[in-house]
Amino acid sequence: MQLFELRGRSHHADKAFGWITIAAAGLVLVILGLVAASMTQRALPVLEKMGPDLFTSSKWSAAEDHYGLLAFLFGTLYTAAIALVLAVPVSLGVALFITQVAPRWLKKPMVYLIDLCAVVPSVVWGLWGVLVLSQHFGLGRSFLTAGIILAIMITPIITSLAREVIETTPLTDKEAALALGATRWEMICATVLPHSKGGLVGAVMLGLGRAMGETIAAALVIGSALGQITANPFAPGNSMPAVIANEWGEADDLHKSALIALAVTLFALTIVVNLLATWIVQRGRRHA
Amino acid sequence: MIAASDLHAKPSWRSTRSKLMTGLMIAAVAILAIPLIAVLYAVVSRGAGVAFDAFPAFFTKDIPAISRREGPGMGPAILGTLLVTGAATVIAVPLGVLGAVYLHEYGGTRKFARAVRFMAMVMTGVPSIVMGLFIYVMWTMRFGYSAFGGALALACLMLPVVIGSTEQMLRLVPTQLREAAYALGASKSRTILTVVLPAALPGIVSGALLAVARAAGETAPLLFAVGAAKAFNPHLFTEANTALSLQIFNSDLAFPAAESRAWGAALTLVALTFLMTITARVFTSRFALKR
Amino acid sequence: MAVAQPRPRPSNPRILVEHRSAAAVEDTPVVFEIGDAAVYYGAFRAVRDVSLQIHEKQITAFIGPSGCGKTTMLRALNRMHDTTPGAKVTGKLLYHGVDLYGPQVSAVEVRRRIGMVFQKPNPFPKSIYDNVSFGPRVNGIRDRAKLDELVETSLRSAALWDEVKDRLRTSALGLSGGQQQRLCIARTIAVEPEVVLMDEPCSALDPIATARIEELMRQLKSQFTIVIVTHNMQQAARVSDRTAFFTAELDSKNDQRTGILVEYDATAKMFSNPADERTENYITGRFG
């Protein structure tokens, strides 16, 4: 037998397949790079015109060609904060119920329920928010209504992440606490929560990222008021993604550039939040 | 000796607190379920009438050109949703699976693989409206509105999700299986294509289905790419198209007729996404490798 | 295998106790009175027909091959099976004459009195001090001085005080395996239980650490009733007063292996002159 026969016929095909998979994986980096580059380029005109006012002014007027996104940034953070305050206790409660309390037969249906909550399209939540929540329950279109809808939308996401984290608590730790005469709640406080701390914070951060980027439901229920910076949750307001969705249709060139600047800001914000979340999760994993 | 009552539960603050917290957990489950039940009730009670009134007219007829006019019609939107979602699936699933194959079978802990894995995680967090605008800048500005632009935007959103779920499934395939194939003289690519991927297939399919279900309900990425047609458009690459989610978002809720059509569209969309989610779950529990 | 033969009636421990030889141990009061106990996991019967008495301030060892139900039986004694979905305990299990599974009996109260040390050392991811003080704290001791004192006496009893007294605030996970297991023992005795159950406490430790734990058990015997599960016959012979030998039996009807109690007697008698042939085979190493 000659040496080259050992290489076999499929040698080249094998190599090629490997390269194809690398290309597919690299696509992720290419897309993210293109998103950052192309969008920033399109946002430059408005940045040139407005300068730092773009971020420090809360006046947004297409008629006067004056674009300041501060009020929308506020609205994004405010509604996301309302959503977190409402969603985190519920998510944690449900995750603990599924992992620590529910009998075995109930676990699967519960996971299905959460899946279904997560898959209801945001436009349907928006429609329900406008026609049922804000009209029937008299909440109107406001920061609070948007916060509630966002909370409903991020609860299943936080819950399923929290459930996965909590389930990694070693059974031996839990048994140790119970064998010392701890009640279920004491066991949870002593073992489950400290063990999952990092992962839970990460789950909440990912929920925060999702809440900030959620567009359609917010666009339908937030009220589309310009320049609102107020702590009053019943006031109508606006958030960055909602402005983009609502104003894109009738925007001229500079206006479009301003909306893209909003998208770039949102992109940067969610990336920071997600990086922070990943970092916290990984740090928690290392300490566990 | 001890008395029998020594072992009985005593009404102490400790046991009360534990019960109280358990009660709060159950309350949390109720709070989670209430909006879901409420939205399903609203969608079914307000949407079923218009959707099934002159069955199957709602699913086949054109959308009325004038919003305030009574009558059915979401056919073009249903076609558009299927077209956009289908094309996105065809683009994102093979690429995502190949990317995951690289990460797990080739890359491992290499720097490039770690970077891709990390960035895929970051990419899942990118708001869908940002992806929509990105596709507007890259595609729509050059080639105009079409179903394909929407499909590209959805594919960008699905790609990292498919990569993540597929890599998890590949991790469950036992190493012995790969070694058995190598020992029979199979090349790496052959082992992956004929042994590893088939073993992980059920999990990959259900992960992909979940991603598709989520994408089918998206609105924001389609806003800038698909347009707002009201007539049937079976062409993938040309002319403005529409989708169920877009029709709901754009419907003029001041008119009762438009509102009821929106509820009908919502019912159709929810049914479509639930069907895919449930199929995915059944698939997982029936065929998937156990963790 | 010996177990395939037609099974003689399971030995009745009470008869054995009455016919004790000169090697008999002192008859201290009965702590556990177990009659015809069985444990099920769903439809699977893990262990059955267990009848024995465990005496106060003595060390009772459960020995036998893997899968013979000795750990399962041990966990039935402090209701640890309550945390396993689908597990069920039947038969008579009296603790000082009180039915452990009686309708009003609380698992939390039971476990406060009947502590447990697990196979793998499982300290909480907290400081050494917080590990030992966890039990007293959940049981309502808040007084700092009292806690300090309890931590010290418990660590002294567990022969760990001198090694850790200068680093009580450091993480328990920094201790060696043997130290961790002694910490778990200290944590268990800090709640001042009456009984300490030990589930193969040395199986994860090296011979030197094992010897220290065995020495510790002999010391603790004056204060606590100890039940230990071990697959190490020499260990049972070295430390225990009484030994129960379990084995697994194949049920030809459904092809399931169920654990049974073969023989229970004073350790000296079990290891010198066992009544049952299967015990003798196992002890002399002719088993399976």
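When the chains are written out, they are named A, B and C in that same order, and each has its own residue count from 1.
Heads up, the rule we're going with is that a contact is a pair of C-beta atoms (placed from the backbone, for glycine too) under 8 Å apart; a residue touches a chain by one contact, two chains touch by 3 or more.
Since we're looking at a predicted model, the values are computed, not measured.
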{"item": "Category of the chain touch graph - line, ring, star, complete, other", "value": "complete"}
{"item": "Of A-B and B-C, whichever chain pair has more C-beta contact pairs", "value": "A-B"}
{"item": "Subunit A and subunit C, separation of their C-alpha mean positions in angstrom", "value": "49"}
{"item": "Between subunit A and subunit B, centroid-to-centroid distance (C-alpha), Å", "value": "15"}
{"item": "Interchain centroid distance [CA atoms averaged], subunit B/subunit C, Å", "value": "51"}
{"item": "Subunit A, residues touching no fewer than two other chains", "value": "183, 186"}
{"item": "For subunit B, residues that touch 2 or more chains besides their own", "value": "14-15"}
{"item": "Residues of subunit C engaged with two or more neighbouring chains", "value": "108-109, 113, 138"}
{"item": "Subunit A-touching residues of subunit C, taken from the complex the two chains share", "value": "78, 80, 83, 85-86, 107-109, 111-113, 115-116, 118, 120, 122-126, 134-135, 138-139, 184, 187-188, 191, 197"}
{"item": "In the complex, subunit C residues that touch subunit B", "value": "29, 95-98, 100, 102, 104-106, 108-110, 113, 138, 140"}
{"item": "Complex interface listing, subunit A residues touching subunit B", "value": "8, 10-11, 13-14, 17-18, 20-29, 31-32, 34-35, 38-39, 42, 89-94, 96-97, 100-101, 108, 110, 112-128, 130-132, 152, 155-156, 159, 183-186, 188, 206, 209-210, 212-216, 219-220, 241, 244-245, 248, 259-260, 263, 266-267, 270-271, 273-275, 277-278"}
{"item": "Sites on subunit B touched by subunit A in the complex", "value": "14-15, 17-18, 21-22, 24-29, 31-33, 35-36, 38-39, 42-43, 95-96, 98-99, 101-103, 105-107, 112-113, 115-116, 118-123, 125-131, 133-134, 137-138, 156, 159-160, 163, 187-190, 192-193, 210, 213-214, 216-220, 223-224, 245, 248-249, 253, 259, 262-263, 266, 269-270, 273-274, 276-278, 281, 285"}
{"item": "Subunit B - residues contacting subunit C, complex", "value": "1-4, 6-10, 14-15"}
